[in-house]
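The structures considered in this document are given below.
Both complexes shown next keep chain A, but they swap its partner, so chain B is in the first and chain C is in the second.
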Partner chain A sequence: MTTANTPNTHDLEKELLGFLEARTGTAWDADTDLFDAGGLSSLFAMQVVVHLEQTYAIAVRGADLRLDNFRTVRRMAELVDRLRVPAAGGLNG
Partner chain B sequence: MADTVKCLVWDLDDTLWQGTLLEDGEVHLPDEVRKVVMELDSRGILQSVASRNDHEHAWARLEAFGLAEYFVLPEIGWGAKSESVRRIADRLNFALTTVAFVDDRPAERAEVTFHLPDVRCYPAEEVLALPGLAEFTPATSTVDSRRRREMYQAGFLRDAERAAAPGPDEEFLRSLDLRMRIGRATGEELSRVEELTLRTSQMNATGVHYPDAVLRGLITDPRHEVLVVTLTDRFGPHGAVGVLLLERHPGLWHLKLLATSCRVVAYGAGATLLNWLADSAARSGVHLVADFRETERNRMMEIAYRFAGFEGLDEAPCPCAAVLAPAPEDSGLQRLHLVPGPRVVSTVVTVDAVDLGVPDLGVPDLDVPDPGVPGS
Partner chain C sequence: MTAAPYDDPPARPALTVLGAGVMGVGITVLALGHGLPVHLVDIDRERLDRASGLIDGELRLAELMGALPAGTALGTLATGTSLKAAAGATAVVEAVTENAAIKAAVLSEVSGLVRPGTLLITNTSSIPVDELAGALERPEELVGTHFMNPPYLIGTAEVVRGARTGDAAMAAVAALLTTLRRRAVVVRDAPGFVTSRILHPMINDAARVVEEGTATAEDVDALMQGCLGHPTGPLRTADLIGIDNLVDSLTVLHERTGDDGCRPAELLLRLVSEGRLGRKSGRGFYDYG
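For the complex of A and B:
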C-alpha cells in the first residue's frame, strides 16, 4: 500500500474536500465512501473525473478510470498524485 | 453530404421582419416569413435570435407577432453576433457545423464566418428559399422532431430548477420522477432511432451510423436486438433518447451500438442503460463486449463504460471474445469487456424494460456458462 499522507496528497485532499463540499453542500471525510455510504451517483463521479482532469491537467485513461479510484477523496488524491508524477519526476528524480 | 441544420439563428431587423425596430418604430412581418418559421419548426429545426436591439422591446414585438414561442435561447443585445451564435450552440450542445445564421447585413455574416467558419450563413434574400434547401430538409420527420422545440423548452425549465435546487444533484434527480422505458424497436420507432443516431454525436459510443434499412433488417434477425429508449419526467416527455444494437453470441452479448441523446447525459442515461444491460446479461449468464471508438465528443460514454466495470479486452483478455470477428484494422475500435453480476440499475430512474432473457424470435442454441457457479 502507498503511504496516504505525503505532503502532496494531503494538500490535494484538502482541495478535493473543498470542491466536494461546494458541490454537494455537505462536509465529507477523506475516507468516506462517497457512493455507497455517501449516496452520490456515479453520474456525479463522472463530473468529478472531468473536474480532476481539468484542474490538475491530467488524463485519466484506460484501467485508471475504474470507479474504485474515485470512491474516496483519499483514493482520488492518490490517483491525481500518481498521474502528475511524470511531470514532477524529472525534477525530483 | 453536409450536416442537416439543427438550429437556425435569425437576425430580426430587415431579416425576420421588414424595418428597423429602433429607428422605424413599426416593423412588418411578411406572412411568407412566418410560414418559413413554422415550417422549419415542424421539421424539428430549432430557431433562435441574434439581434442588435433592446431585449425587452424586441421580445415584446416577437410576442405581439405570436412568434416568440418559436425561438429558443434568444440573444438580443449589443455584443458580437459570433458570440451570440457561439453561446446558443454551446447551450444547445450542438456542433457549429449544424448551426446556420441568416442576416441581411454582409458585415454581420462576415463577422460570424470569420470567428465561426463552420456556421453556414445565408443572406436575408434567401429566407423564403430556405425550406427548399437540402440542409433544411431532415431525412425523417417524426413525432419527436415535431415536438423538439417543446422538449428543449421543458429542458431549459428543468435546468433552471436544477440550478436553483439546493443539495446534491441526486436529490434533485429523484425529484424529477424520471421514468425510462426500454423496448424492442417497432414501426414508427425506427425512424426515431435513425433520427437519433443521425442527430446524436456526443454519446454515440461507436461513432458507427446504422441506416434505417440496416436496422430494419436487424429487427427481424433473431440474433440481434434493436432497442429504443424513451424517457419521461414530471415536466413531460423527453422522447426517444437512446438506441442499443445488441448481437447475441453463445455466452456473449455484443453491444454494437449505444447512443443516447446529449439532452439526457445529465440524467445518467448512459450509466443507467449499461447497468440495466449488465444486470440482464448476468441473469442470462453471458458476458458483455461493447464496441467503443474514441471521438472528441464521447468522453462521458467512455467514463460510463469504465464506471460500469468494463475493461479493455487488450488489458484483460477473455476467451469469450473468440466468437467475435476481429475489429477492422485501423478502425480505432476498442472492445470493452464485462463479466456482469446482478446490480442496482439506478437509484434515481425507474426503469421499465423488455426481458432480454427471452429472445424475440426463437431461442438460439447458446452454450451459456452457469451463472450459479462461482468463478473457477
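For the complex of A and C:
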C-alpha cells in the first residue's frame, strides 16, 4: 500500500517535527534519516515509539516494531495514519 | 581439583539473574529475547516490580532494533526475593552492586545452593574474578563476563578467566554466549580487566575536563565522537553506565592499582550526592526528562 501525502499525514508530520525539535533542540526535515550516523540514539527511538503510542492511541506491535518505520518523520506519520482507529464517518480509501 | 559433572547438561539453559539493577535487567532482556527462561532475584520487592516494567520496555527496544532472533518465542520471566531460585538454574549471573564484599557474600551463598557444576558468572566490571572466587565452595565454577549496557544491543562481551576458573566453566560460558549470540573475547584476570581499565579512567578524565571548565559535557562528547570515532562520547557513556556504578568501579580500580587517574573525580561524586545518576534517574551529565 502506498500512502499519498493526505491532509491527515501532513498535519501529523507537522506535529511530529514540532515534537522532535522540542526534544532534540534541532530542526529536522520530514525526510531526514534521524538514526543515521551522528543522529539520534536507539534509546531515543524507543521514546519516540512510546510517544506515538500515547499521543495517537495506537499500539505498535509485531512486524511494525522495527526501526525502518521510525527512520523519518514521513514514515512515522504513515505508520500512525495506518494504525489509528479510523474516525467515525468511515474509512479513507 | 575434581572434575565438574558437565557430562550430562540439561538440554535447555535456564538462567537465574541476581540483582535487578540496570545490568540485571539488561541481561534478563538479552536472555528472554533469545528464548531462555530467567528467574530474576533481588532483595528489594519494589525494585523487582519496577524491573518487570523496564524489561517489557527494553524487550520492545531490542525488537525495534532488530536485535532479537526472528521466530524465537520469548523466554518466561519469574521474579523473586530468594536466592534459592538458583538451585534450579543451569547458570547463575550475579549482577549486584559493584562492591567486593556484597558480591562475595551473594556468590558464597549461591555457591552453597546450586548443583555442583553449575556455571556461576559475575558481571563485575572491575573486581578481579579470583578475588571473588575465594568466597565460593568451588572456585573453579566462577567466570567473569562483563556485559556492556545495553547487553542486547552490544554484540561483544568481555570474558574473564580467573586463576582458578576451570575448563568446564569456560566451555559452559562459551556455549551460553553462543546461545545469546554474543561474541566473547577472553582476557586474563586483573582489576578492571581490559574495558574498564581503559574506559573508566578516560571517563574520569572527561569529568575532570568539565569540572575544570575546559569544555562542556556536550563539547567533550562532540569531540570524542566527531574527531575520535567514539560511538556516544564518554560522558553519555557515563550516563548509560550509571554514575554511582562508575564511582564504585573507579574506587575498586583505585584501591587495587594505586593509579591516581582512577580516583573518582569530584564532579562524579557531586552528581551521585545530588542523585544525578544518569539515564536511570532521568538526569546525569544530560537530561533525559
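One rule holds in what follows: the second predicted complex is superposed on the first by the 79 of 93 C-alpha atoms of A that agree within 3 Å, B and C clash if a C-alpha of one lies under 4 Å from a C-alpha of the other, contacts with A are read in each partner's own complex, and residues count from 1 in each chain.
As a convention for this text, a contact is a pair of C-beta atoms (placed from the backbone, for glycine too) under 8 Å apart; a residue touches a chain by one contact, two chains touch by 3 or more.
Bear in mind the structure is a predicted one, so any value in this text is a computation, not a measurement.
Student: Looking at the overlay on chain A, is there a clash between chain B and chain C, or do the two fit?
Tutor: clash
Student: Of chain B and chain C, which one touches more of chain A's residues?
Tutor: B
Student: Tell me the contact category for A:G25 with respect to chain B and chain C: first, second, both or neither.
Tutor: Touch partner of A:G25: chain B, not chain C.
Student: Figure out whether A:T55 sits in contact with chain B (first) or chain C (second), or with both, or with neither.
Tutor: neither
Student: Tell me which partner A:A45 touches in the superposition: chain B (first), chain C (second), both or neither.
Tutor: It touches chain B and chain C both.
Student: In the overlay, answer first, second, both or neither for which of chain B and chain C A:L65 touches.
Tutor: Both chain B and chain C are touched by A:L65.
Student: With the two complexes overlaid, spot the stretch of chain B among 9-17, 117-125 or 351-359 whose C-alpha atoms clash with chain C.
Tutor: 351-359
Student: Do chain B and chain C land on any of the same chain A residues, and which?
Tutor: 41-43, 45-46, 49-50, 65-67
Student: Applying the document's contact rule, which stretches of chain C touch chain A when the two form their complex?
Tutor: Residues 57, 60-61, 63-66, 153, 225-226, 232, 279 of chain C touch chain A in their complex.
Student: For the complex, which residues does chain B have touching chain A?
Tutor: 166-170, 173, 266-268, 271, 299-300, 302-304, 306-309, 311-312, 315, 347-348
Student: Where on chain A does chain C make contact in their complex?
Tutor: Spelled out, the residues of chain A in touch with chain C are 38, 41-43, 45-46, 49-50, 65-67, 70.
Student: In their complex, what parts of chain A are in touch with chain B?
Tutor: Contacts found on chain A: 23-26, 39-46, 49-50, 62-63, 65-67.
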